[in-house]
Structure formats: structure tokens, C-alpha cells
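Structures incoming, each one as C-alpha cells.
Both of the next two complexes hold chain A, though its partner changes from chain B to chain C.
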Partner chain A sequence: MSAAAMALQVEAVRRSRKQRWRRSLGFYGLIAALALVSAYTVLVVDTDWARLGSLGAVLKSVGRFLAIDWSLIPHLVEPVLETFMMACIGTLVGAILCIPVIWMGALNITPSRWIAYPLGRFLMTFSRSIHEIVWALIFVSAVGLGSLAGILALAMRSIGFIAKITAEAIENVDPKPIEAIRAVGGNGLQVLRYGIMPQVLPVVLGTIIFEWDINIRRSAIMGLVGAGGLGLTFHRQMVMFNYPGVTTVILSILLLIVVGEVASHYVRKAVT
Partner chain B sequence: MPAAATARTWSRYRYPASLFRFLALLAALVFVGYAFVYLDVRLERLLDLFQRLGTLLADRYYPPDFAFLSTPRYLGSILDSVQMAYLGALAGILLAIPLAWFASYNMTPSRRVLYPLARLIIMSCRAVHEMIWTILFVSILGFGMLAGVLALTLFCLGFAGKLLSEEVEAIDKGPVEAIRATGANELQVFVYAVLPQVRVAWTGISIYTWDVAFRAATVVGFFGAGGMGWYLQRHVQQLDNQRVAAIIISIVALVLASEIASAWARAAVAKGK
Partner chain C sequence: MAILDVTDLSVRFGGTGANGREVLRGVSFSVDAEDFCAIIGPSGAGKSTLIRCVNRLVEPRAGRIVLHGEDVTAMSTRRLRQTRRHIGMIFQEFNLVNRMSVMDNVLSGRLGYVGTLRSVFKLFPSADIARALEVLDRVGLSDHVDKRADQLSGGQRQRVGIARALMQDPKLLLVDEPTSSLDPKISREVMGLIREIAREFDVPVLCNIHDVQLATEFATKIIGLQDGLKIFDGPVAALDRKTLDEIYSMEVL
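Presenting the complex of A and B:
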């Protein structure tokens, strides 16, 4: 390569770099401008700084939380258990309910590409796009107060994620075992059982355990809208302005979640 | 040796392992059954669930009061939700970037101090549900969007921090060693060896974080933090069910739209590199 060609190439690289730099500058400028506008709305228009008071006042209200209400602990055992069981059953029901959704929404096993497949995909997104609080509100008004509403809300919220990951795993299976089973005369159900299931089972179990872990967090807030568990205790402590009690409930939630995380780690190791 | 006289039954697990698996399964079943009893689940309520849902939807929630959706105050609250989600996601991601660096076991500058500290921060942000953060901030700072933004920031910090640090833990060590061999310090290694490798994945995660933040932002108002959830809570308490139906429909439509947009943006980023 001659020196002139080399110089030309260097020049071209420099120009393209400059261009890219300018474009990314515009992009980050846009992000920053939007952030400024939003920050203005939040901090200047919406916040009443006079009522918020000085930093000292805020710190004082933070300080009220920094204590533990030991007398509450015996009353926490039952809601903790309830929360944990709600998460378990909710995940289980969700895993069962998502089977037809997976069947419709996986491209290679769907009964019809034009009707069932889009419907399955829609159900997956739909289930995930409704927040668990909204699901809980719907089910509390349908089946009444109590843990059944929480279980159903958790189940509905879990369907989307489990179904999506499983459907993607089914779409990516190795077709050779399926062909082999077809070749020896297996019918559709047998293909499903011996060709597809062994391939996707580890993924499915891992996803269910992951979702179970998240559901413990979610089931801790179901009580806020009347669906049982620790959320109800939390709400009660909050409306009684018993701030140390609130801290105690949060610590018990954390404890439950740590236990869940450790358990899910070992269960995952055991099943996969 | 004679030809196998007895047909051998093959099983995947031999005697002790198979027994343990059976017992574990049995224990899980007993636990689930006991949980139903303990929670006092009225299964008979399930039977008329659909009927009740049907009459509920037909008599009380139908027809949704769509006229309410186009009132200026509700449209304003949608904008509020979008802005809260934007600020929360942005602040959460910006805070998550250094934390993700510290919390990735392979690249952290100090495994003794910063690694566990960053892990702890990310885990505790993730462990507490965003609604509980919202309630806490509302009780400290009062009603309004500020509490919502802070709650969403912590939520996004936990969410993005975990995903970003997992991405860093999966990088190729080659460029890292090359940059380190030139005498670069930890920050330079991060900027020139780690960032270029994770840039695309991090962009995708950031878009996804926005998505999750918006979904949460539509309901944080339920506990007093501004946005559409505020109206949801008000009309739920007033038993103004036709408005509740309209608000829920609008939330679902907006979240679906944002999800589709973000899926498209993520695909574009992954393709464009």
C-alpha cells in the first residue's frame, strides 16, 4: 500500500469516527434533554419543597423507621408461612395454566399458524403487561378477599414469562430426535413426550424455579390490596403508624427472600 | 453366559437416588396439599369464578367509561407516568453501571470490599418489591412524583444491576489482558476492554429496563406516588367501576405498546450492533 493510499484510508477512518461521534453526541443530548424536562416536572412543578421541609425533617422521618418492634415477631410466623405457600401454589398453578399457551405459542407445535399462534403470543404478552397489583385487584373482586385471589393473581402473572421462555426453547429444539421418533411410528403425543420434552425440561424447570423466586417477592405485596399474606401485616403496621413494626415486616420479607434464593439455588442444582 | 433370561427394566436412576427422588416428590406434594388446607383456600369459589367474573364485568365494569381517558387531567397523568418511568430508569441505569462493574466477579477492582458491597446493594434493591419502596418513600417524602421516581430508581438499580453485571461476567478475557498489559489502570481496562464488549447487550438491557420501569410506573400511583395509578386507586375506592375498567384497559394498552416498541428497538440494536 502506497503512502498516499494509506493517508487516504486514515482520513476516511477519521471522518467516519467523527461522524459516529457526532451522531452519538446528538443521541445522548436528546436523552439528557428529555431527562431535564422530566426532572423539571418532577422536582419543580410537582414537588412541594416547603412541605417537605429541611433535610433534617426528612432524616427525622427516616429515623423513625430505624428500630425493630420485637413484640411483633410472634405474629409474623403465620403471614410469612402464608406468603411462602401462596408463592408456591401460585407458581404451580401458573405452570399448569401455561401449558395450553405454550402449545399455541410455539411455532413448531402450534395447531394453526394463523389463529392459535398469534393468540398464544398475545396471551403471553398480555399476562406480563398487567402488573400483579392490577391482577390482584381483579381477582379480589372476583373471588373475594383472601389468599385464593393472591394465588390466582400470581398464577396469571407467571404464565407469560414461563410460557415465553418455554415456547422459545421448544422452537429451538434439535429436530433429529423428533424425526427419529416419527420414523419409528410415534404419534404427535409421543413426539411431544419423547422427542421434545426431554430436550426442554431443564430449561422449563429452571424457569419455573426462577419465577417461583420472583413470586415470593410478589406474594409479599398481595396483601396490600386484600389478597392475604405479609402485605396485610405491612399495611396494618403502616396505617397504625407503627414504623418499627414496618421495619420488622420488611426484614421478615428479606429473610424469606434470602431463604427462597438459597432454596432455589439448591433445587435448581438438584433438578438440572 | 446364557442369553438374558429375564427382561431387564431400565431406569434412569438407581436404587438410593430413585428413592430420594421419590421421597422429595412426595414431600413436595404433601406440602402443596397441606398448603391448600393451611391457606383455607375455598376451592368451591373457583367454580363460580367465571360466572362471577362474567356478571362482574357485564354489570359493573361494562361499559368502560372511555370518555374519562381523554380528559386533560388523565392525559396529564399518563405523561407523568412516562416521565417518572424515564427518570427512574435513567437514574437507575446510571447508578447500576458502576455497581455492575464492582459486582462482576471477574472485573471488580476489589474482591474483598467492593464486590460484596455492590452485590449487597443490588440484592437488597431487588429483594424489596417496588410497591414497598413506593410506600416507604411516600411516607417519608409525602405524596407525589418524587417518591415514585425514587422508588423506580431503586427498583431499576436492582433490576439493571443484576443483568448488567451478569453480562460483564460473561466477557472474553483476551482484550482485558491485552489492555492490562499496556499498563492501564482498572478504570481504563473497564472503559477500553469491557465496555466495547458489552455495549450492545447493555443497550438492550437498558431498553428492557425502561419497559419494566414503565409497567411499574403505571401502578406506583396506587400508593400515592403520582401518575395513572393515582386515578386507579381513587376510582377503585369510590367503586367507580366503569372508570376503573377504562383505566385498566388504558394501562394494558400503553404497556403493550411500550413492550412492542421496546422489542422492536432491542431487535434493531442487536441487528445494527
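Presenting the complex of A and C:
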């Protein structure tokens, strides 16, 4: 390549870099502008600065939470257990309800590409796009107050994530073992059991455990709308202005979540 | 007597449109009961496709494949599954279920024989388990029965693949590049094992292999493929330098 041609190429590389740089500058500028506008409309305009009072007053309000209501603790045992169990059963029910959704929504096993597949995909998105509190409200009005509504809400909310991850794992399996199972004369179910399931099982179990972990958090707030668990206790302390009580409930939620975290760590290790 | 008779087999990938590609063009050959038949040819000649047509893992576009007097290409799905269970297949990359034990992998060779419900719960009859132990002993893996398939070396995995094929009581062994993932020494051992087993169980073998030396050493009959056409078919002794050059001429280009 001649020196002149080389110089030309170098120039071309330089120019494209400069363009890219300009483009990314524009992109970040846009984000900054968006953030500024949002901050102005939401914070500056919407906040009642007069009511906020002085910095001291704010700190004093926060300070009311810095205590523990020991008398509440005996009353927390039952809701804590209930919260925990809601998370367990909710995840389990969700994992079972997933199965048909996965079957429909994984491209390589779906019974029909034009009807079942889009339906399966839609159900996955549908389940996730509705907040767990909204699911809880729906089920409280359907089956009444209590933990059943919470369990159903968690189950419905869990379907989307477990099904999506599993369906994607199934779409990405190594086709070689499947070929072998077909070659020995295996039928569809045997291909699923021997060719696909062993490959996706670790992913599926890991996802279910992850979802269970999250469901412990979710079930702690189900009570805010009357769907059982610690949320109801929390709500009661709040409306009674018992700030140390609120702190106590929050700490018990924290404890529960730590227990869940530790448990899921070990369970995950055991299954993978 | 011919066990397998293939007539005018054609395969086209990618539909009949302009993007389609003729992978096999009117290939005919037969395999006799005592044959160890090696298919040689450069990469892309259609060797794997040819072998996969015999158990219809690949659907041919035209031609007849007659196995034990029955046309495979005309079979219903059900009949095809029944036929497949008698066709052992050994793969280039072993195609084992890595997360299952050696035992379960070998037992999966019986899937065509056990009921669906039983197989879903891995409830294989004791006779099958006894047979699996025997077969594993035969291929020299008695010490690895409970290991997971992915804990084995390449040569050992291929032996699991061979054991799985033996579990099928095969009447024909299809072997697809059994040595491409193995080193030269292990390759020779594996080819030797396949040959011994073929004799022991009286099974004809149809084997893809691009390594000409291994082919001439272990096979009794050679089929030369080039760009989807059969350009040689005969006993090993008849394969001369000139024919080989012809078969592999594509690769030089």
C-alpha cells in the first residue's frame, strides 16, 4: 500500500472516531437534559418545601424511628412464619403453573409457532408487567383477605420470570444429545426427558431459587393491601404512629431476608 | 445378502429455491451383512448427510433406502422409531447427555424398548441394567459406571457412545466420524474396538471417516464421495493412489 493511500485510510479511521465521539457526546447530553428536566418538575415543583421545615426538623422526624419496640416481638413470630411460607408456596405454585407457559413459549418445543408461541410469550410478559401489589389487589378482591391472595399474587408474578428464563434455556440447548435420543428411537417425551431436561435443570432450579429469594421480599409487603404476612403488622404500626414498632418490623423483615439469602446460597450450591 | 440398499439418494438443503444446495446427488450403494464400509471424502462431500439419511435424521428429497427389505423412506413416524431402535449410531462428538451418569447414558440406548412412562422415571428393567453392566465391561469402563459423562476423557466418552449403541441390539451400526475429536492413538483404539464389536455381534458397519489411512486399515469396503456424488465403490484393495487423488481433488482447490 502506498504512503498516500495509507494516509488516506488513517484519515478515514480518524474521521469515523470523531463522528462516534460526537454521537456519544450528543447521547450523554440528551440524558443529562432529561435528568435535569425530571429533577425540576418532580423535586423542585412538586415538593412542599415549607412543610419540610429546617434540617433539624427532618432529622428529628427520622430520629423517631431509631428505637426498637421490644413488646412487639412476640407478636411478630406468626407473621414472619406466614410471610416465609407464603413465599415458599407462592414460588412453588408459580413454578408449576409455569410448565404449560414454557411448553408454549419455547420456540423449539412449542406445539404451534403461530398460536401457542405468541400466547406463551404474551403470558410471560403479562405476568411480569403487573406489579405484585396489583396482583395482590386483584386476588384480595377475588378470594378475600389473607395469605391465599398473597400466595396467588406471588405465583402469578413469578410465572413470567421463571418461564422466560427456562424457555430461553430450552431454546439454547445443545442439539447433539437430542439427535442421539432420536437416533435410538426415542419419542417426543423421551427427547424432552433425556435430551433437554438434564441440560436445563440447573438453570431452572437456580432461577426458581432466585425467584423464591425475591418472593420473600415481595411477600413481606403483601400485607399492605391485606394479602397476609408481615405487611399487615407493618401497616398497623405505621397508622398507630408507633415508629419504634415500624423499625422492629423492618428489622424482622431484614432478618427474614438474610435467612433467605443464606438458605438460597446453600440450596443453589447443592443443586448445581 | 445386502442388509442395506440405497438407491438414487438425493438430498437438498435449503428448499428448492435458488439458495438450495444439492448435498447428495443420486448416490446408490449397498452394505452386506459382514461389511465394514467406510465412506471417505473431503469435508462437505455429504458424508454425514448420507449416514443420517439411513435413519432419517435427515429427510432425503428422492431415492430409496431399503433396510432388511423395508423401505425406510416410506415409513410412518411410529414405524421409523421402531426401526431406529435397531440402528446403533456413534457420533463425532459422542452426543452424550453430559449431566447424566455413564449408566444412564448407556441405558438411554434402550429408550426405544421401554415404555414412555417407565423411561420418564428412569425405571429400566433389571435385565437392561445387567446388560448395561456387561456392555460397559466389554468396552472397558466398569470403573466409571456412576461417574457423570462429562467427567470422562474423550476416548472414554466415545466408549460410552459405543456402549449405548450396543444396548440397542443393533442390526446396523452407523458411525459418524468417530475419531475426529480424538488423538491418533485413541482413534486407532476406538476404531479397533468398533471393528471387534462389529465382528462379535455380527453387525454391519457404515462409517464416515475422513482419515484415509484409518479407513483402509479398518474397513473392508470403501465408498468415495465427492461433492455429493459417489465416485468410488469397492473393496479396500481396489482403492489406488489415482482414485484417492480424484476423491480429494476438491480439497486442493
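Convention: the second predicted complex is superposed on the first by the 255 of 272 C-alpha atoms of A that agree within 3 Å, B and C clash if a C-alpha of one lies under 4 Å from a C-alpha of the other, contacts with A are read in each partner's own complex, and residues count from 1 in each chain.
FYI, a residue touches a chain if its C-beta (ideal position, glycine included) is under 8 Å from a C-beta of that chain, and two chains touch if they have at least 3 such contacts.
Computed from a prediction, not measured in an experiment: that's the story for all the values here.
Enquirer: Let me test your reading of the model: by the given contact rule, A:Leu145 touches which partner, first (chain B), second (chain C), both or neither?
Expert: Once the two structures are laid over each other on A, A:Leu145 reaches no partner at all.
Enquirer: What is the contact status of A:Ala263 with respect to chain B (first) and chain C (second): first, second, both, or neither?
Expert: In the superposition, A:Ala263 touches no partner, neither chain B nor chain C.
Enquirer: After superposition on the shared chain, which partner residues are touched by A:Ile181: those of chain B (first), chain C (second), both, or neither?
Expert: second
Enquirer: Does chain C touch more residues of chain A than chain B does, or is it the other way round?
Expert: Touching more residues of chain A than the other partner does is B.
Enquirer: Looking at the overlay, what does A:Val203 touch: chain B (first), chain C (second), both, or neither?
Expert: neither
Enquirer: Taking the superposition as given, does A:Arg193 touch the first partner, chain B, the second, chain C, both, or neither?
Expert: In the superposition, A:Arg193 contacts chain C only.
Enquirer: Where on chain A does chain C make contact in their complex?
Expert: 176-177, 179-187, 189-190, 193-195, 198-199, 201-202
Enquirer: Note which residues of chain B are touching chain A in the complex, please.
Expert: Chain B residues touching chain A: 24, 31-32, 35-36, 38-42, 45-46, 49, 52-53, 56, 80, 83-84, 86-87, 90, 124, 127-129, 131-132, 135-136, 139-142, 144-146, 149, 215-216, 218-219, 222-223, 226, 232, 236, 248, 251-252, 255-256, 259.
Enquirer: Okay, in this complex, where on chain A does chain B touch?
Expert: Residues 31, 34-35, 37-39, 41-43, 46-48, 51-52, 58, 61-62, 65, 81-82, 85-86, 88-89, 92, 125-126, 128-131, 133-134, 137-138, 141-144, 146-148, 151-152, 217-218, 220-221, 224, 228, 234, 238, 246, 250, 253-254, 257-258, 270 of chain A touch chain B in their complex.
Enquirer: Enumerate the contact residues on chain C facing chain A in the complex.
Expert: 55, 57, 81-85, 87, 89, 91, 93-100, 108-112, 116, 119-120, 161, 164, 168, 174
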